[in-house]
Amino acid sequence: MQVELTHFLVVSTLLFSMGVFAIVTRKNAILVLMGIELMLNAANINFVAFSKFGGFGLSGQVIALFVIILAAAEAAIALAIVLNIYKTFSNVNVDEINNLKE
Amino acid sequence: MSLISLSIITLFLPLIGFTVLIFFGKRFEKIYLFEVGILFAALIISILIAYFKLTAYINQDLIFAFTWIDFGVTPLIGEFSIDLGIKIDNITVLMLFVVNLISFLVHLYSIEYMKGDIRFTRYFAYLGIFTFSMLGIVLTHNILMMFMFWELVGLSSYLLIGFWYEKDSASDAGKKAFLVNRVGDIGMLIGILILFTNYHTFTFDEIYAQIAVGNLPFDSYAWLTASGILIFMGAVGKSAQFPLHVWLPDAMEGPTPVSALIHAATMVAAGVYLLVRIFVMLTADAMLVIAVIGAITALVSATIALTQNDIKKVLAYSTVSQLGYMVLSIGIGAYAFAFFHLMTHAFFKACLFLGSGSVIHAMHHEQDIREMGGLKKKLPITYYTFLISSLAISGVPLFSGFLSKDGILAGSLAFGNLTGHWLLPIIGFTVALMTAFYMFRLVLVTFHGKPRNQEKFDHAHESPKAMTIPLITLAALSIFIFYTPNPFNSEAGWVLSDWIRTPEQVVPNEVRFDFMKSDAATGQSEITHSQMYTDAAHHAHYPAMILSLVLAGIGILIAFMMYVWGKIDSEKLKTKYNSLYKFSLNKWYIDEFYDASFIAGTHKSAKILAWFDYNVVDGIVNGTAALGRFVSMLSGWFDTYVVDGLVNFFALLNGFLGLSLRRIQTGKVQTYVVFVVFSLLVLMFFFRPF
Amino acid sequence: MEGFPIISLITFIPVIGMLVILFLPKEKVQNIKITALAATLIQLVLSVILMANYNYSAGGIFEESSFQFIDKFRWINIEGLSWIGTVKIDYFMGVDGISMPMVLLTSIISVIACISSWNISKSLKGYFALFLLLDTGMMGVFVSLDFFLFYVFWELMLLPMYFLIGIWGGPRKEYAAIKFFLYTLLGSIFILIVMLGLYFSAMEILPDGQRVFTFNILTMMDQSNYTQDGILSPFNPNNWRMLAYIALFIGFAIKIPMFPFHTWLPDAHVEAPTPISVILAGVLLKMGTYGILRISYPIFPDITRELAWYIALFGAVNIIYGAFVALAQKDFKKLIAYSSVSHMGYVLLGMASLTTAGINGAILQMFNHGTITAMLFLIVGVVYDRAHTRGLNDFGGLASQMPVYTGFVTVAFFAAIGLPSLSGFISEALVFIGAFHVESIRVITIISTLGILLGAGYMLWAMQRVFFGKLNEKWSGLQDLEMREYIMFIPLTIIIILLGVYPSLMLDVMNTSVNTLVDFVSTNFTNISLGGL
Amino acid sequence: MSLYDIIFYLFALLVLVSAFITVTSKNIVHSAFSLMFTLFGVAGIYVLLGADFLGVVQLLVYVGGILILMIFGVMMTNEITNVDIKTGTTQVVPAIIGVGLFAGALTSMMLRTGWNSQPSENMDTTTYAIGKLLLTEYVLIFELLGMLLLVALIGAASVARKEKE
C-alpha cells in the first residue's frame, strides 16, 4: 500500500485522540499539558502533510513552524502557571482544582 | 436762579436729608441737625419763592415739564408720552410756605420731644421723606405725579404712625392708615384712568383745556361727574372724610409732632389741595356729593369729639371735622375759603397738637385729660398758645379761624339760599357750636380747675425753648393781622383779594350750578368768580357772622358752665342720655362695623378661598394624580402578576432546568472537555458529509 | 458686533461653566463655586454689552431683518423622510425688545441666585452643575426664534429644576418636585402638539425655491406662508386654530401660573431652596407670559383678538384670587408665592389689553416682578437661614433686632405693594392704563384695582407680624445681614429704585417692539372668517 | 512496499505507541520519556514529508526545550525524594468511549474523504525557502510571534516568581 496523504492523516488523528484522552483522564496538570502537546503535534502533522500533498507550497510548513513557536510559548506559560498552582494548592491535580464551579 | 430751579431745590432738599440720615444715621449722632438745617434752608427758599411769585409773577404761572416715558407713535392712539413736571402758581407757593414752615417748626420741636428715643435719627429721616413727598404733591403739574407723591406721603405716614412699632396698637394704626388710604386711592386711580383714557395726558392744564372745548370723557356728563367723584375718593381717604375717616384718630399712635405735621396740618390737607386742583372740572353733581360728604364728616366727627377723653383724640376728631369744613367749602363752590381755611387751620391745628405734645411731655406721656387739670400755672406758654389756637378754631374774632370759617359758613348759607340745600348750612352752624364747646372743654379740663393727678401735676414743668418757639410762632400766625387788616372781613386781606383767585370752571354750562354758569361769571377779581354767588355770599356775610359768633359764644359758655362754674353737671347728662353718650364715645361704632363687615369679611373670604385652593383646586390636581396613581397601580398589578408573571414563569422554568443541569457543572475542566468531545461528535454526526 | 455669536455665547456660557465644574474634583468646593459665579458673571457682562449695543429703534416681532444679534444656521437637515418630506430645523436665535429685558433679567437673577447658593453644602458639585444647566435652559427660551429650539430649551430647563427641588429641597421636596415636573410636562405636551400642528401648516421658501415645512416662528407669523389645507392654516375653515390657541395658552398658563393651574407654585416654592425659589419666581414664571407674547400673539392674532377678554378675566381672577389666598397664609414663603400669582395676574391683564401701554406695562411688570420677588424670596431665605422657621406668627419685633434687614424688607415689600418711586408701581400703573383703555375689559380692570388694596393688605400684615411688635425673646440672637447678603440685596434694591424713578431705562428698550407687536396683532390675519365657537 | 513506506510505518508505530504510553503510564517520568519518543517520531514523519527544516526544529524545540521544561516541572511539583512519581486517572470509562468514538469517526472521515492529493516534487532543502517566506510574506506574523515569545518569557517569569513576603 503506497503511503499517501490518508496515512499521515490517520496517524495524526490517532495522535490527536490520544492527546484528548490525556487531557480528559489524567489528573496531573503536567500530563494534561503533554496531551496538549500531542494534539498540537497532530495538527502539525496535518499541516505539513497538506503542505506536501495539497500543493500549497511551503505555507503549511511555515504555519507548522509558527505552531511550534506557539507551543513553546504556551508550555512556558503553562508551566509557570502550574508552579503557581502548586504553590497555592500544594498539588497539581486538576480534578481537585474546581474553583470554576462557583 | 429761576423760581423753577429754586422750587426743584426745595423739593429735593428733604430727600437729600433723608438719604444722608438713612445711610449715616448710625455713625454720627448729631446728624439730625443736618436734617433740621436742610429744612431751614428749604423754608428760606420757599419764602423766597413765595415772595418773588407773589410780587413779580403774581398773574403768571410757571411750568416746567419733561417727558418721563415716551411711547412714540403707538398703533392705537397715536403719539403719546407721559410727562412729569412742576407748576408754580399762587396756591403752590402758599402751600409750599405752609408745609416748609410747619415742617421746620416740627423738626425743631422734635429735637426736644423725641430726645432719647432709640431711633432718633430714623425719625428725622422719616420726617425728611415726608416733607419731600408733601412738597411733591404741592408742586406737581400733573395728576399722575400727584398720585405718586400721594402714595409716598402714605408711606411716610405709615412709617411715622408705626414709629413705635413695638406697640401693637401703633403698627396696627399704621397699617390701618395705609390700607384705608388705599381704598380712596383706588377710586382716585380709576378717576385718573378715566381722564387719561380720554385725553391721553395726565397734565391738569391739558385735561382742563380738553374739557373746556367740550371734549367729555366717553362723551357723557355722567363720566365727567364720575371722574370728579372718583378722584375725590382719593381726598376722602387722605383727608379722612366720612366714611374713610377712621384711620386718622388711630394715627395718633404716632409721635405727637408727627400728628401735628402730618395728621393735622399738611398731609391730611393734601386731599383738600387735590380738590382745589381739580375744582374746575367738578360738575354740579360731583360738587354736591363732595359738599354732602364734607358736611357729614364735619358733623359725625364733631359729635364724637364731644365725648373723647384722650387729648389727642379730641384734636384728631376736631381735625377731621375741620377737614369736613374744607371739603364742604369746595363742594359749595367757596373755593378760596377752602384753601384759606386749609392754611389757617394748618397753623392753629399744628399749634394745638404741638401744645398737646407739650402737655403730654410734661405729664410723662399721660394723654387722658381726666388725669390733668390746673396745668395753666405749670405750663404758661403752652397754655396761652393753646388758648389762642382754641379761640381761632372756635371762630372767635381777631383770630384767623374766624376769618376762614366765617367765609365757609357764609358760603354755605349762600349756597342754601341759591340751591335750596338748607341742610348744609344748618350742619355747618351746628358743627361750629360743637367745635367751640369741645375745644373749650379741652382747654378747661386740661388747664383749669384743680389737678386731678397730684403726683403727675407736681412733676410737670414747662417745655424747653426748642418746643415753645414753634408754639409761639404758630400761635402768632393764628392772629388775624397776618391775613387781613380788617378782623371782620377776610376779603379785605391780601390772601383772598390778591393771592387766591377762584378760577372759572371748565365743565360745560349744562352741568354747572346755575350760579356758576359762565354767563354768571364776571371776571377774575372776585373771590368766587361768579357774580351771582359773590352777591349771595355778601348778603349772607353778616347773618352768618352774627350767627357763628353767637353759636361760638354759646358753645364756650356751655363749656364754662359745665367745667368751671359747675352749673351743668356733665355726669348727670351722661346718665340721662346714656345711649347717645355711648354712641358718641364709641365713635358711632364705625370701627366695629368695619371690623365686623369688611375686615372680617375679607379675612373670611381669604380663608374660604385658601380652603378652596387647598382642597378644591389643588384637590383636583392631587385627585388627578391619585387617579393616575390608581390607574398605574392597576396596571402595575397587571404588570406584576400577569405580564411579569408570565416572564417569571419562564424564568422559573429556566431556573428549574438550570438547577437540574447544574449537576453537570463540576468545575472540572476535564469534564467540560468530555462534553466538548461529545458535542463535537454530535455535530459531526449531524453535519456528516456522507 | 457683526459676526460675533454673542447670543449663543450668552446662552451657552453656563454650559461651559458646567463642564468645567464636572471636571473639578468635588472636594474643591471653593473652585466650584467660583466657576459657577464666573460663568454667571460673564453671562451678565455679555448681556450688559448686548444691551449697550442694542438698537432701540428696531422692532423685531415678525421680520427677521429687525431682529438683532441673530445667530442662524441649519441645525438639523434630513432629506426625503417618507411622508414627512424634508425636515429642516434652524438654529435661530436673536433678540428684540420683548426678549431683551428678559435676557437681562435672567442674567441678573442668575448671578444673584448663584451668590445666594453660597451656603449650599449638600453635594455642591451636582448642585452647581445643574444650576448652570438651568441657566442655559432659561436663557435659551428667551432668545430662541425657532419653535423647535424654543421647545428644546423649554424642556431642558425642566430637568435641572426637578432635581434642584427634589434633591436640595425641604421636607416634602419629592412631592413638590414631581408635582412641578408633571404639571409643567403636561403644559409641554400641549405646546408640543400645537408646535407640530403649526409645523405641518406653514411652509418656508428656501433660497433655492424649494418649499419646506418649518419651525421658524417668524414664518408662522405670515399668513401667506400657510398652506391651504394645513391643519392650523388660517384658510382652513375648521376651528382647529381656536383649539390650538387654547391648548398653547394652557401650556404657557401653567408656567405663569394662571388660575386654576397655579397650585404647583406654592408647593414648589415652599420646598425649593432659596436660590431656586429666586430663579423660579424671578425667571421661570416669566417664560409663560413671554411664550404667549412671543408665540401665541403673533402667530394667532385672530384668535388673540377674539379671546383677549378671557385672558383679561383670568388676569383679574389671578390678581384677586391670589391676593385673597395670600392673605390667609401663615407661611412666609407661601405668602410670597401666592403674591406671585397675584402679580402675574397684572401681566396677563396688561397683555390682554393689546395696547402699547398695557403690553409695555406687562413686560415691565415681568421684569419688575422678577427683581422684586427675587428679593422677597431672598428675604425669606435670610430669616429662614437664621431661625429655621417661616411661620409668620412665629416672629415679631425683628425690626429692632435686624434694622438693616428690615430696611431692605421695607423696600421690597413696598415695591411689591406698588409704591411709586419703586419699580412695581409704574408697571402696574401702565397695565391699568392700557387695560382701562379697552372698553370691553374696562369693568374687569376696575375690579382688578381691588388687587392693589389686597396686596397692600397681606404685605403690610405680614410685615407687622414678622417685624413689628415686641421682640420675641427667642430671636434675640439673630444676626443682621452679612456681607454676602448685602451683595445680593444692594443690586436688586438699586434696580428697583432706578426703574421706579426712571422706567424709561427699560421701557425704551421694549417700546418699539411693543408698538410693532400691537400693530401686528391688531391688523394681521384679518381677512379670515372664523366659523362658530 | 518501498523503503519509504517501511520507514513511515516504523515512525508511525513509534509515534503511536510512545504516545499511548505517554497518556496511559502511571509514572509521570515514564510519560515524559515516552513523550520524547513521540516527538522524535513526529520529527521523523516531518522529514518523511519533505520538511527537513521543520524536523530539525521539532527536535531542537520540543525535545531539547519543551520536554526538558516539562521534566523540570515534574520535578519541581513532586517531592523529588518520593521516587514513586505516580499520578491517578479519572473518568477513564467515558473518556475511552468518547475518545474512541471520536477517533473512529474522525478516522473514518479521513478515510472516506476523496482527497485530491497531488504530491509535490521534492525540494532539495526547504530551509532557504522558509526563511524567504518568513521574511517576506509572513514577516508580520513572524514579528508578532517574536513579540509573543518575549511576552511569554516575561509573563512566565513574573507568574512563576516567588511572591515577596
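First chain written, first letter: the chains are A, B, C and D, and each begins at residue 1.
The rule we apply is simple: contacts are C-beta pairs under 8 Å (C-beta built on N, C-alpha and C of every residue); 3 or more make two chains touch, one makes a residue touch a chain.
This one's a predicted model, so the numbers in the text were calculated from it and none came from an experiment.
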Chain closest to the middle, measuring from C-alpha centroids that were averaged per chain
C
Taking contacts as defined above, which has more of them, B-C or A-B?
B-C
Centre to centre, by mean C-alpha position, how many angstrom separate chain B and chain C?
35
CA centroid of chain A to CA centroid of chain C, Å
77
What whole-Å value do you get for the distance between chain C and chain D if each is reduced to the mean of its CA atoms?
82
Could you give the separation in Å between the centres of chain A and chain B, each centre being the mean of its C-alpha atoms?
109
Specify, in ascending order, the residues of chain D that touch 2 or more different other chains.
90-91, 94-95, 98-99, 102, 106
Shared interface positions of chain B, touching two or more other chains:
670, 674, 677
So which chains actually touch one another? I want all the pairs, not just one.
A-B, A-D, B-C, B-D
For the complex, which residues does chain C have touching chain B?
179, 182-183, 259-260, 262-264, 321, 324-329, 355-357, 360, 397, 399-400, 407, 410, 414, 419-421, 425-426, 429, 432-433, 436-437, 445-446, 449-450, 452-454, 456-457, 460-461, 464, 467-471, 502-504, 507-508, 511-512, 515, 518-519, 522-523
Parts of chain A lying in touch with chain D, wherever the complex brings them together:
1-11, 13-22, 24-31, 33-35, 37-38, 41, 44-45, 48-49, 51-55, 57-59, 61-62, 64-66, 68-77, 79-84, 86, 91-93, 95
Interface with chain B, chain D side, in the complex: residues 90-91, 94-95, 98-99, 101-102, 105-106, 109, 112-113
Parts of chain A lying in touch with chain B, wherever the complex brings them together
20, 23-25, 32, 94-95, 98-102
Across the complex, what residues on chain B touch chain A?
665-670, 673-674, 677
